[in-house]
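Right after this note come the structures.
Two complexes are shown next, each including chain A; its partner changes from chain B in the first to chain C in the second.
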Partner chain A sequence: MLGNKCEKCQAEFFPPVNICRACKSIDLKPLEMPGAGKILSYTLQKESVAGFEEQEPMVFGLVELSNGVRLVAQIVDFPYESLKIGSKVKAVFRRVKADGPSGQIYYGYKFGPPRSPRETSATEE
Partner chain B sequence: MTAALSVFISRIGYTKVGDHWDKSLSEIAFQASKVLLKEEASPPDAIIIANALSELSSSQGNLAAIVADALDLKGVPAYRVEAAGGSGGSAINLGVNLIKGGQMESVLVMGVEKMRDLDPAKVMQAQGLSENADYSQFFGISIAAMNALLARMYMHEYDVTREKLSAFPVVAHKNSSTAEHAQFRKKFTNEEVSRSEAVADPLRVLDCAPVGDGAACALLVSEDKLSSEQRKSAVEVLATESSSNLVNFFERPKMLHFGATEVAAQKALKKAHLSMEEIDFLELHDSYSELTAISLESMGLSKQGEACNDAAAGRFDLNGQFPISTFGGMKGRGYPVGAAGVYQICEAFMQLTERSGFNQVPNARFGLVQSMSGIDSSAYVHVLGFAGRTGRN
Partner chain C sequence: MRTSTPIAIEGYGAYIPFYRLPTTEVARIWHGGGAGANKEKAVASSDEDTTTMAVEAARIAVAMAGVEKNLGAIFVGTESKVYAVKPTSTIVAQALGCHEILAADFEFACKAGTEAMQVISGLVGSGMIDHGLACAIDTAQGRPGDDLEFTAASGGAAYVIGRSSRNSITKILGSVTYVSDTGDFWRRQGERYPRHLSRFTGEPAYFHHVETAVKNLFTEFKTKPSDFQYAVFHQPNPRFPVEAATRLGFTMKQIETGLLNPVIGNTYSGSSPLGLAAVLDIAKPQDKILLCSFGSGAGSDAFILEAQEPLIEKRKMGVPVRDLIENNVRIDYGMYTKFREKLQR
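Entry: the complex of A and B
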């Protein structure tokens, strides 16, 4: 999750911006976003957009990262019934959708519980 | 300083919203405008096509020339405007400004859209085109789900229950039940809305505007072009204003406020020398229930978090203080995306010229039309008045 940061006023952005929204500076440097955040809103999307049929139904969340930046992302490994406004989440790297026509694989970020199931079981062992 | 040129809507035309399986984009545009064009002595100085999705829905680009050709307007300058759900509002705004700028004396604005030929997954993709391709569409979120995120936040922030949100589809469908051109001429109870199938929790299918085909047009003319007799039956565009906003609602400092709508409405009312209290009815961009609530609150018609209560109390009914979506709006009349903003203009024209039958708002002198692209990423607000009743001519 590569965003950027204004060198002049330190404001942070994701997606990256060309011009700082706070002070209009164009002096911005790339900045990796923190992976930790919390849920501000969430939904269970029943119908799929073309290319996402195999994941139906999908859960999406409006996530506020620990630096205050807000974004929308798919929520995975989180039982929908236990999602709440304020739930803590963490970015994970995942395959996003069905392979493209030339076999390309689309990867990107999604958000899951603060500790992934694998980590949890590893700790228990 | 000379007084600014006045622009009038002299005539309108439209098709029923719904299924037009057997007709192409050009054919429904022809159906909407054939009477108007036949009865006009000369062709317009320009035609602006409002359409959002023809490339995806009909594999048709170059829509300006395609539609102009189909309407036998060879030689007339033709343009196409695409601004997602706000295409129609944008085209009206541009058409009026072309005339005010003195370049044209008459402009035909034609909104046209075909959605019903697409399979559901394609419809979802088409509706989502208004959102950022790399950071929203890429991850598979639908426009309904995007609205659901906003709706849940709205409900959480102001403690609005699911039942309260249902007040808006109830009002819309009450109005569309008596509108001849509406896609859904059916009333729903609050309970039916609240218990309808979930599309993207907390939004239900009856919160979301249906997909429809349709074409609507309005002939914009300068005051010099109208005889005093014609002027008596024409509607004046008292103001048309537009504003843009951050595309992602979640990047805005105030997420539950529509800044573009607020700015466009304030500017338009100021130019029209009117206060909101003097507006007799509003046509709103009500494609999702929470959009109606937040739009009303952003324009100052309800206090923050109170729009649903006001709707339940009858404030926005046809006989209420501020009637909204008088023929059902996007929700009940139907939502032919790029054409929707022109349907709103036709409906305001019918209100102001007292041709609204069961849906007539009594003594409607001034109407406000709000149209938007995406979730308030752009807003277009027009204030219209009837020359015969505004007391200004």
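Entry: the complex of A and C
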């Protein structure tokens, strides 16, 4: 997950921006986002567009990364009942969609639960 | 087989999906049957496949090795390629940001992963590349109701191999391979599920190849079971590896750490490499480890490994296999059919 950082005021962004939203500087450098974060809000989407049928119902969450950057992403591997505001998450590499049974498969990041106390302690940094 | 330049494992990563299907669920639907002795099996979610699991395991292995994008080869050993034609290895390479790299998929039923480790070893040992990545991953499928459905599981491990140095975590002292044309298990092009010759998969297939490879390894490297602190065998069910190990002169104490089938099932190409990861999670410096895979069709690769001092610190960068096993959610047969594309809508 490549975002960027303002060289002038240190603000971090994902997805990357051309002009710093905090100080309007154009001096920005690419920065790999931390994989760990927590859920600020979430919702269940029961019906989706073509290519996502296999994953229905889908959960989407507003995630705050450990550097404070916020983004909306699909949340996986949480039984819906166990999902809470504040739940710790980490970025995972998953199938985003497929163009039917014979078309191409597209991959990207989503967020899921940390699998080890080791990853949880990283979230709290 | 040994390389002229000493080689070693520089990093490893394991991946086991979150979901578990208890085998009592398979028995409930199909009224018993199956090898049945494993308690649960690991099931990939509907948005997971060999590619996604290879990327997860590879990222950990590459970070632990500290090689970043400096990989000369990526091989993915699997029998559950996502595309029939289109490499899985290029998707993994892209996700890791590597482009000037040799990339290929290996197939040899359940030994495709160890085969990838041997080829990487050769490339590193010859000096053609500095570091290479071997991924051993499968999303194994069993025909609904078949014996295989009790054990066919998802998961695997990835290994970065380089020249042996002060930073290496585990030396690869050497390996052997033994193969023969044995029709114990196969899947024809275009077929969804593999076929197998039930009882024939034991004696002439698994036991013959595993025992021959390990005995050849003992001869070639002048070693014996008591020289090893750990031994890891391919695990099609919980029974075969214990039987083979016992016949070869190993004790339960040597094999129990790497014996994961009872709790996650058979991850095919991922099976013995995941067992090795579980051993590396706890091994002490200078511990000797035997690794022996088995792939139907058929063949076995056997390795001698020796843990090194840097393993103690570097493995803290990984996710312990124990945590991946214990941190899980149980699903029923209904959810399993939904996840593994057995449901028509």
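Keep this in mind: the second predicted complex is superposed on the first by the 109 of 125 C-alpha atoms of A that agree within 3 Å, B and C clash if a C-alpha of one lies under 4 Å from a C-alpha of the other, contacts with A are read in each partner's own complex, and residues count from 1 in each chain.
Quick note on the criterion: a residue touches a chain if its C-beta (ideal position, glycine included) is under 8 Å from a C-beta of that chain, and two chains touch if they have at least 3 such contacts.
Remember, it's a predicted structure, so these values are computed and weren't measured experimentally.
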Fit or clash - chain C, chain B, common chain A: fit
Which of chain B and chain C A:G112 touches, first, second, both or neither: second
Chain B versus chain C as contact partner of A:P15, first or second or both or neither: first
Chain A residues touched by each partner, larger count belonging to chain B or chain C: B
Partner chain(s) touched by A:P79 [first = chain B, second = chain C, both, neither]: second
Partner chain(s) touched by A:L71 [first = chain B, second = chain C, both, neither]: first
Partner chain(s) touched by A:Q55 [first = chain B, second = chain C, both, neither]: both
Distance in angstrom between the closest Cα atoms of chain C and chain B, superposition on A: 12
Overlap of the chain B and chain C footprints on chain A, listed as residue numbers: 53, 55, 96, 110
Chain C to chain A touching residues, read off their complex: 18-19, 45-49, 51-52, 55-56, 59, 82-83, 91, 95, 316, 319-320, 323-324, 327, 329, 341, 345
Of all residues in chain A, those that touch chain C in their complex: 53-55, 76-77, 79, 92-96, 105, 107, 110, 112-113, 115-119
Chain A-facing residues of chain B, complex: 120-122, 124-125, 128, 132, 134-142, 144-146, 148-150, 152-153, 156, 197-203, 246, 248, 250-251
Chain A residues touching chain B - in the complex, by the definition given at the top: 15, 21, 40-53, 55, 58, 60-62, 70-74, 85, 96-97, 106, 108, 110
